[in-house]
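Structures follow.
In the two complexes that follow, subunit A is the common piece, with subunit B as its partner first and subunit C second.
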Partner chain A sequence: MAEAVSLRVDWPRLVLYSAMLAPLFIILLFFFVVPLGIVAGNSLTGTGVDAAFPSVSQYTSILTDSYYLGILWRTVVVGLAATLGALVLGYPAALVLFFFQGRWRQVFLFVIISPLFISVIVRTYGWMVLLGPGGLPSLLPSEIRPRLIKTEFAIMVGLAHIYIPYMVLSINSAMSRIDARYLRAAATLRASNYQIFRDIILPLSAPGVVAGCAIVFSLSMTSFSTPILLGGSGNKTMPYLIYQQNLVVGDWATGSALAIVLLAVTMSVLVTLTLLSRRVMTRVGG
Partner chain B sequence: MTTGLLRTGGRIYAILFCIFMLAPMIVVLGASFTGEGYISFPPPSLSLRWYQEVYHNDTFMRALRYSLEIASITAAASGALGVAAAVVLVNRDIPGRGLLVTLATMPLTLPHIVLSIALLQLFGQFAVPTAPYALLAGHILITAPYVLRLTMSSLGGLDPRLQLASYTLGASYAQTLMRVVLPLGMRGITAGLLFAFLLSFDEVTISLFTALPGAQTLPAEIFNYASQGADPIIASASGIMIIISALGVVAIELSFGLLRMIAGEERPRRS
Partner chain C sequence: MRLQDITNPAGVSLDLEQVEVNYGGGAVLADFSLGIEPGELFGLIGPSGCGKSTSLGVIAGFIPIERGKVRLGGRDVTGLPSQKREVGVVFQNYALFPHMTAAENIGYGLRVSHDMADYDARIQSLLDLVKLSAKGGRLPRELSGGEQQRVAIARALAIRPKVLLLDEPLSNLDARLRGEMQEELRRIQREAKVTTIFVTHDQDEAFAVCDRVAIMNLGRIEQLGRPRDLYRRPATRFVARFIGKSSRLQGRAAAADTLEIADAQIRTATPMQPGRTYELYLRPEDISIGAAVHTDNRFEGRVTSMLEAGPHRYYSVRFDGGEVQAMFSARAETDFDLSAPVWIGWPAQAGALLEGSDG
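Presenting the complex of A and B:
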């Protein structure tokens, strides 16, 4: 493995390698780093005609506006609800996957993964039909028929379904690292199924749960098309506001500040959740 | 004993979970074959009427062609950029290798909504039309990291002695690359190109922000129609998307193995 380290600079190789790496990183610089800098810069534009730069006035006006705060709150609540939904439905699925063997395990895993290859818009439209007046509600008698579409509940169901594969995969990858000898030792010591689950599988799968929740939450918070189609104009979330300010109104200053507020809130909820879960885990002794 | 009961329970849960996972796609496909003028599942009568409607609908057909073009260009560009970087970064003696790989995969951690407005503002700043350049740039940024990773993972297990043998036999770097390294990494490269194509073909947010109103991609056009109502033509346009995705999934499964690509699991090898 270890080849002789040569201190001599291999110029032809250096030039060739740089030339092969350059295109990707130049694109990254011009279409990723620079535009993010522009967004950050625009978000610091002052309000009014003779406003100074940099200024935090965009941020203060967003964070003191009850309309914006209401939508931000809904975005967080819907995101947390979708994450919880994905966890409650996804954890048992990961557990089944953990104990399944052979061919059926492959089939189950395939069914969990394959929706990831189908456009979010198609999956969202499927939920529009399912939750719409001609879908699942029509199975109930008309007196107790609930209105599901254009509600926060619809957004939550759609987001939970769309992002659940990430939850299952993340928990599954933590579970697959569990040493099979622990399970055999526990069985030898006559531990019950419940004890094996509580004392081995649950604590050792916790890092996968935390990672899965983080992925699903950040994707749900920043999802654009699903909340619009399932929630309608009465249940706007932050990405819609960002769209509106940037594309419809053309106010880049507010539009950029909204995007950065969304990123910051997503990050802080994630940090809080991670710290909380760490505290819970140390108390449980995982 | 209870273990048997748990096993049965697990199987029932797995079946219910599969139904939940596939329900939206089944409903869309089912509804797309309706003979009626409204959305209903199960359809009261079966026909291909709404597929004919899509075929004769200029907006959807133009959007489908545009999507296929954008996805092809994205796959080709991401393929070239990703593979070139991967064959360099797979060498363990590159200084700052880990950092470079992390940098290259950074766009995957940024929400599409933020990437979209960033590209919008960049192109707006310099008064350059966003379509198709901003659209392509966005799609390349979110797909090239996958090509890079898949190519690196299929070259990662490459025996360095094969390259040494090639050099010893007098081959140049270019010859070694073309005739030893790339053929051995072909499975990963193919999977990366297919995945890049599908991701671009399926992507909706960046398209909605950067494509021009009269020339949208197919997912963006489906979004526009769906936000106005539930016409069965949306179901048949979605049906076309499902069919193309399914073909892509089959191609990935044959070339690389779907489970290996996403879940990191080896599929049982055929002898």
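Presenting the complex of A and C:
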């Protein structure tokens, strides 16, 4: 039996919804879509005095320049490593949170998100001190004392630490939708605690893992201050390079093209992540 | 494949002995004992908070107990985790794993214990048992409520449980489907021959499905017996009020066979202690109503209200001893006008006579 579909337009409702969406839409249009369009336009400007438009010469020079490619590669590697670090450290924390009850869950959740109340710069300075010559390395004998600050490793540690709360919150929100009765049902079906984790909790928390990884990876790829402060000028990442090209060198065409490349690479990694997780995601309805 | 091969061939007995459960201070179950026969379909009913779901949790191993013993087939399982109890549970919301198909849900218990002999054939027999032969590949969200419920039963039966526990399994279904599923449950339970405990707040459901029923209140069993005995011979005032419709008349025993209520003298067959307070609970079908009635107790009264209920009509009649509700077949042509005088009556042995009153 087919439902009768009303084709009549509900004007008052349409006007109300439009009015509610309009402010955000206008802000996004003028402060995101239009600027992004300008950046994309800039990136298509050719080099030289009588620069042709449109031209892909900026892109060809970036993608054939080992200096740029090296920085892009470092950005991706550091972003993936930070994401992996946040996942490896954040998942067990989310799991503990899942098993906490009532008031303690609130307290623990607050502890996990409390770093977000402190400025990123302050937290990064903390790592500068910890990883600096007078910090953790000074505990080791001087012959085997490693250099930690101004390395890619320092950037990974800093980014993972700063973005862990997002990972935990994201996984926690997926886990909090897991009905405790699934776990009891699995237990009566003779599943061991490990099997319950592997077969029930892990797949049902997968949407949170995917979302958390997407958030942490995007934030890490575009992080500006932490890589500069912990990596130094020898370990530049894309955001700093873009800043440098645009505002220090004043080469808006190259800077814009670099920004578009960063966006494209970030998006491709996220799309790959989504495709890889699609099988489990369709099952869990994520 | 025969059903005996996929389920437990013979049910086992289940005993709770002097179980005590405490949640944050108060005792939820205190000195709670219950014995269930092998292969029996046993109902636990009572108002919410009476401890019926808690007792299921105790049997399944979800809820730790302070004192007492849980025995399955004579074996003490008190200290064992749920994994080692061989108890199948059907939850109120079914708790089907949402990311597994019906067949995967049913087979989960076999897969985790690497019990893979004839795996496919056994899953198919279970799907057949619950009449979902062609729907094994569906995810739970692609199944109707009744189908999900049957998957949950098949999943619980797949591990050949010694005892099957059903926690309000029909409460999420609409009325028509609930009736069908009651019959289905009976059939499946009889075919699988598994000792089953059915927890519900719905007495009609428990009476329709169960061999024996225990009525719980405040963590204790008020009465245990066959549905018809509970209905005809309630042992406590709580049971008399909880089960079915009845009219309550309160009075004092004037003699061993006479209950005095206001100006009315009521003859009773059960002997009473003169001077004590009693309550007489009369079922609507105990009471005759008409222009003339011939029975031990007859009173003239007036109709105060009428309730039409399909096959029956219920008349409330006020008389000197109080107000009673009488049932009348809807087939009868006779009708009684509101506030018209009528005669009501019942035999001395009718109803349940229970000592005490709460005023």
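We take it that the second predicted complex is superposed on the first by the 246 of 286 C-alpha atoms of A that agree within 3 Å, B and C clash if a C-alpha of one lies under 4 Å from a C-alpha of the other, contacts with A are read in each partner's own complex, and residues count from 1 in each chain.
Just so it is clear, contacts are C-beta pairs under 8 Å (C-beta built on N, C-alpha and C of every residue); 3 or more make two chains touch, one makes a residue touch a chain.
This is a predicted model, so every value here is computed, not measured.
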**Prompt:** Putting subunit B and subunit C on the same copy of subunit A, do they fit or clash?
**Reply:** fit
**Complete:** subunit A contact check, subunit B vs subunit C, more residues touched by chain B
**Request:** Have a look at where A:60 lands relative to subunit B and subunit C in the superposition and call it first, second, both or neither.
**Result:** neither
**Message:** Going by the contact rule set out at the top, does A:204 touch subunit B (first), subunit C (second), both, or neither?
**Reply:** second
**Request:** Tell me which partner A:130 touches in the superposition: subunit B (first), subunit C (second), both or neither.
**Result:** first
**Request:** Kindly classify A:195 by the partners it touches after superposition: subunit B alone (first), subunit C alone (second), both, or neither?
**Result:** second
**Message:** Looking at A:47, would you say it contacts subunit B, subunit C, both, or neither? Reply first, second, both or neither.
**Reply:** neither
**Request:** Using only C-alpha atoms, work out how near subunit B sits to subunit C after the chain A superposition, in angstrom.
**Result:** 9
**Message:** Looking at the complex, which residues from subunit B come into contact with subunit A?
**Reply:** 2-3, 6-7, 10-11, 13-14, 17-18, 20-25, 27-28, 31, 38-41, 80-82, 84-85, 87-89, 93-94, 100, 103-104, 106-107, 110-115, 117-122, 124-125, 137-138, 140-141, 144, 148, 160, 173, 198, 201-205, 208-209, 219, 222-223, 226-227, 230, 234-235, 238, 241-242, 245, 248-249, 258-259, 262-265, 267
**Asked** In their shared complex, at which residues does subunit A touch subunit C?
**Response** 179, 181-182, 184-192, 195, 199-200, 203-204, 280, 283-285
**Touching residues (chain side subunit A, partner subunit B) in the complex** = 1, 3, 5, 12-13, 16-17, 20-21, 23-25, 27-28, 31-32, 34-36, 38-39, 42, 89, 92-93, 95-96, 99-100, 104, 106, 108-130, 132, 134-135, 161, 164-165, 169, 172-173, 193, 218-219, 221-222, 224-225, 228-229, 239, 242-243, 246-247, 252, 255-256, 259, 262-263, 266
**Request:** Flag every residue of subunit C that touches subunit A in the complex, lowest number first.
**Result:** 60-62, 81-85, 87-89, 91, 93, 95, 97-100, 108-109, 112-113, 139, 141, 155-156, 158-159, 161
